[in-house]
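Have a look at the structure below before the remarks.
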Amino acid sequence: MDLFEYQGKSLFARMGVPVPEGREARTPDAARAAAEDLGGRVVVKAQVQVGGRGKAGGIKLADGPDEAFKHATDILGMDIKGHTVHLVWVEKASDIAAEYYVSFTLDRGVKKHLAIVSARGGMDIEAVAVDEPDAVVKMHIDPVVGLTNWQASEIVYRAKLDRASARKAAAALRKLYAAFVSLDCDLVEVNPLILTGDGEVVALDSKVTLDSNAFFRHPDFEEFRAAFVEEPMEKMARERGLNFIKLDGSVGIIGNGAGLVMSTLDVVSLVGGAASNFLDVGGGAGADTITNALDVLTKDPTVKSVLINIFGGITRCDLVAQGIAEALDGLELRWPIVVRLDGTNAVEGREILQGVVSDSVIPAETMREAAEKAVELAERG
Amino acid sequence: MDLFEYQGKSLFARMGVPVPEGREARTPDAARAAAEDLGGRVVVKAQVQVGGRGKAGGIKLADGPDEAFKHATDILGMDIKGHTVHLVWVEKASDIAAEYYVSFTLDRGVKKHLAIVSARGGMDIEAVAVDEPDAVVKMHIDPVVGLTNWQASEIVYRAKLDRASARKAAAALRKLYAAFVSLDCDLVEVNPLILTGDGEVVALDSKVTLDSNAFFRHPDFEEFRAAFVEEPMEKMARERGLNFIKLDGSVGIIGNGAGLVMSTLDVVSLVGGAASNFLDVGGGAGADTITNALDVLTKDPTVKSVLINIFGGITRCDLVAQGIAEALDGLELRWPIVVRLDGTNAVEGREILQGVVSDSVIPAETMREAAEKAVELAERG
Amino acid sequence: MAIYVDESTRLVVQGLTGSQGRFHGFRNKAYGTNLVAGVTPGKGGTDVDGVPIFDSVAEAVAATGANTSMVFVPPAFAADGILEAAAAEGIELIVAITEGIPAHDEAMAYNYVKQTTGTVLIGPNCPGVLSPGKANVGITPPEIALEGSVGVVSRSGTLTYQAIHELTSRGLGQTTCVGIGGDPVPGTSFVDVLERFQADDDTEAIVMIGEIGGDAEEQAARFIDGYVTKPVVAYVAGVTAPPGKKMGHAGAIISGSSGTAQAKQEALRSVGATVVDDPTSIGEAVTSLL
Amino acid sequence: MAIYVDESTRLVVQGLTGSQGRFHGFRNKAYGTNLVAGVTPGKGGTDVDGVPIFDSVAEAVAATGANTSMVFVPPAFAADGILEAAAAEGIELIVAITEGIPAHDEAMAYNYVKQTTGTVLIGPNCPGVLSPGKANVGITPPEIALEGSVGVVSRSGTLTYQAIHELTSRGLGQTTCVGIGGDPVPGTSFVDVLERFQADDDTEAIVMIGEIGGDAEEQAARFIDGYVTKPVVAYVAGVTAPPGKKMGHAGAIISGSSGTAQAKQEALRSVGATVVDDPTSIGEAVTSLL
């Protein structure tokens, strides 16, 4: 789960990483009040989960409350790369002496954590990494013991951060790493981590991705969602434990396992169609799960046909078929469903399916055949 | 540093290990007040840093405040194996369904932490270990990752603790281990860890030894000392950073390094004398350290002669000699000092010493010669 | 021959008393796998359909000589279960089926097991290992498999089944089918499995199923280039998938331009693998190479 | 020949800019040890009497080819310094002088270094290693040593010097003098050093200095019994010492009855070592055996 800047900063603050003081604002009036409350110069920052806010005009400096009101008026409702700004973060302006880049993530290739630090923080860190690789220092961290003090120190010096404040920078790295691990983040990125005029090291931005598999350890994290304006279908899918992504085509896809669903998308494309979504019911789906998945697709007006592609392993085909039968009873389905079942309890599943076969429920023998039928039906529908 | 039972329990409580509620009492009146405060039946427990309190009559059950007063009267001032009772701990009586033994310490031979757990807790766990080794379960813990959940679980089942409360017992083990590591203990021993009638797992006793090398991480631990009635010479030595143990003989010993000091004791004994103390100035002693060490020995009326045995490594003999010279100026020394210097800057040290040689400051060439002279002087003195 | 699991496998299932562990554990047993024990702390001394349950893996190994553990423990406790199995003397192979283990737990367990033991870990979040006609340790439905000479290795659970199905339906049997799982830190990589298939005399061709993300397929391509002489048929899912979640700038800095299905297909094609663009074509491609 | 340190030693000192590190580092250099670098975070780019200082061990190794590190870092940071040296590719030996490292830090560092590297750690809380005439890495005053054929190994700092002194004053030179340190978790044990002395052609006799507590001397006795054919002279300090601090019942359960100086002397005597009861007798005993 990707957090907004201000949410990530609240986690940093919890771990003792200095962040500028600030307030949330959903209206220009609230932004004015926040600026009054904070005093002095403030920065009004669009809260969107996409990079490039600054260039798009989503970050503005205000001399006082009136200007904060004006900037908030401009920024709220703005569209930044397809993301609408519903919220701004108003924070005290910082005195920036230097801008660093810091991130902690997993390097899947090496199977260890990776720290990336650069003294060339700011907007174009990816370009720096390509053009001046030496300016971007990487260090692997063994997840067994975590970031050691010597590593934090070495990376600060190797990346040539300001020497006078090196200990503070190393301390900030250790706290950010502690946040990365103890708060179960997939990513902690700070760009820029700044050095202030008076030698403090402060996180001026945050990009934090939480590992939703670890939410059982952090029940309070669910609260972050309250600030998200979620697309209704995605919200519905998430609440039902389904992995759903909206796409542009007309064939609704339901499958088990990310690989099989991706492959189904590919095959639908190969036979000339286009998927209207990616929907993975995961492993061990029961009848309810399938009914829920079909229910989600009923909310999508672009769907013209649905392809259910199941290869049972931990998932049992008999339960899938039962789910389809239950959905036919309980839901109003506007489109035909092509169903392909193989694997665990496929024979039992196909038997159940035989009982509900109709013009709207069409069994298919293979994945390719299923794709062809579904695309054909979508074109007709 | 060894803690009193109630101090160790305060650390357990800090880590979430259940302990009975209780109060300190230094007078019978205070014990009465504690019992009133706690209500119901209470246990009055002598706070001494030695085993076998129970057998010695240092632990007594009281039905109410008056009996608590009476028991405290008996116990306070009692001598238990040479330890005077200055303080009792009055705690709510527990309903004991089973008594376990649990400890965490370092197994030096294997260089890993060791958990020892037995369902046969109580007073004679050492005898159980000898007579029924299978009843005492040991498990090594890798200090790199610490006690894992599976280890805590396995040891509880292998030691045959009550199955119905096994999860609570495993949780208590994990918390006690967390105390052992995060509070830098050399030893955490709970005997007994009890199962109560209503299925709770509670630490009924504690034996905690803190690692004084780690006190820089736990500045609050110094407060525990306030409860100790320390022998004045030992207190003085500790405050001056000297490793001092009082012994029975007449030759005061000052040396650098535990091994050399022990060896000096052995040689003094070989040549017919007996040391009045063990005093190790440690590595890198300066002139002050030596002056301080001599000052400590001035408080000991049993000293008849002093042997300073230094083999310089990180310690510099010139600074040692300078310290002796300064002590001669600043302190009133009632006894002769035999000095043997070798190693780092020995030549310079011996030169400085030459300047203060007298009947009271006698250089020696070898350790054995130094011991012989010191013993002879002690016999004369 | 087969790799990882065969007639000598003596299987303990961690979580045999749960519904999934029981269903799949006994399906494996029904297939002929030597299921010797289950482990569920607190249920030691009981049994499930005659298979004894122990409180710990160590006790199970001591009592039954188990050499392989399958982990069906819930996500919150699965990494601990992997550590337990790895610490038990005698367990040589751990197959971790559990999906949804927190990433940091998984990374820690993987590295610690590697640093302190010689135990092989497959998974987590994988369908397990099936050596047709010999043993099944995992959740792959065994009826779709056929004994033969094709080695199958896959990052994706259900696509593994799809691949096996395509082979079997064309009469192409398998030596062993290995699902390495799609999690960020798989215990066993494509390279590990390719190395075993290359060394296995009975394996004549290899089918490899990849997907977008990470660089495991690119690593596999480099290994194939240097060490694999047997024909390889590869399929990579996700050609039309929306761009995957990128881990901030960090992700881009780590991976550079790699990670797309197209880049992976190209890497594999460039080292001589036959790359198909539809899983339905896998069987045909293997037939043409044998 | 010599063990651990010799003319090929290229030494980096962690903490060379501190007063102790500087005094001993340069005493080692004056003895002929090839001191190539110092490490003090924040002082990289400076030098001490011409020896360059780096911010990290890795940088020092990269710039100077150091293969041995001596740790003079204060106790609170010393375990971290050991981990740093062990992680630096090229460092083969770490000699940790620092006294007073918290026990848990030490135990963690020891086990992690052992699990993840092949680096040899001697100490902490030790006087280091001196190969007379070749190199000195530590705090042993080198003027007391003499090149020769006796190997010295000791748990006690100052007693090591005493033993060397006794040998030298009788004209008995040493191949190498190794102080393994008296801390609860020494990186190198008696057994490790005995094994090297046994394998070293130039070492003709071994002097071993033990003390009360632990079971390192008993382990050494078992090793001597099985593997050491060279004469061993042993001294154990603490015969008349007050009973050491016993770690509760746990200590008694772990150690049984061992740990006393008498038990250690007996164990060593029983395997053929010559046990002396006064360090002054060490030289005489060695003379009688050679």
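Details
Chains: A, B, C and D, in written order; residue numbering restarts at 1 for each.
Note that in this section contacts are C-beta pairs under 8 Å (C-beta built on N, C-alpha and C of every residue); 3 or more make two chains touch, one makes a residue touch a chain.
Note that the coordinates shown come from a computational prediction; the quantities given were computed from them, not determined experimentally.
Between B-C and B-D, more C-beta contact pairs join the chains of B-D. Of all chains, B has its CA centroid at the greatest distance from the CA centroid of chain C.
Chain centres here are Cα averages; for chain A and chain B they lie 55 Å apart. Centre-to-centre separation between chain B and chain C, using Cα means, comes to 54 Å.
Averaged C-alpha coordinates give centres for chain B and chain D that are 27 Å from one another. We define each chain's centre as the mean of its Cα atoms; on that basis chain C and chain D are separated by 47 Å. The residues of chain D that reach two or more other chains are 108, 112, 115-116, listed in rising order.
Listed for chain A are residues 142, 144-145, each touching two or more other chains. Of all residues in chain A, only 144-145 touch chain B in the complex they form. Those residues of chain C that touch chain A in the shared complex are 20, 24, 75-76, 97, 99-105, 107-108, 110-112, 115, 127, 139-141, 144, 154-162, 165, 182, 184-185, 209, 211-216, 219, 235, 237-242, 245, 247-254, 277-280. Here chain D touches chain A in the complex through residues 41-42, 44, 55-59, 77, 80-81, 83-84, 87, 108, 112, 116, going by the rule given at the top. Contact residues of chain C toward chain D in the complex are 115-116.
Of all the residues in chain A, the ones that touch chain C in their complex are 51, 101, 103-109, 111-114, 116, 125-126, 129, 136, 138, 142-144, 181, 184, 186-187, 189, 191, 207, 209, 211, 213-214, 216-217, 245, 247, 255-260, 262-263, 265-270, 275, 278, 282-284, 310-315, 342-344, 346, 366-368.
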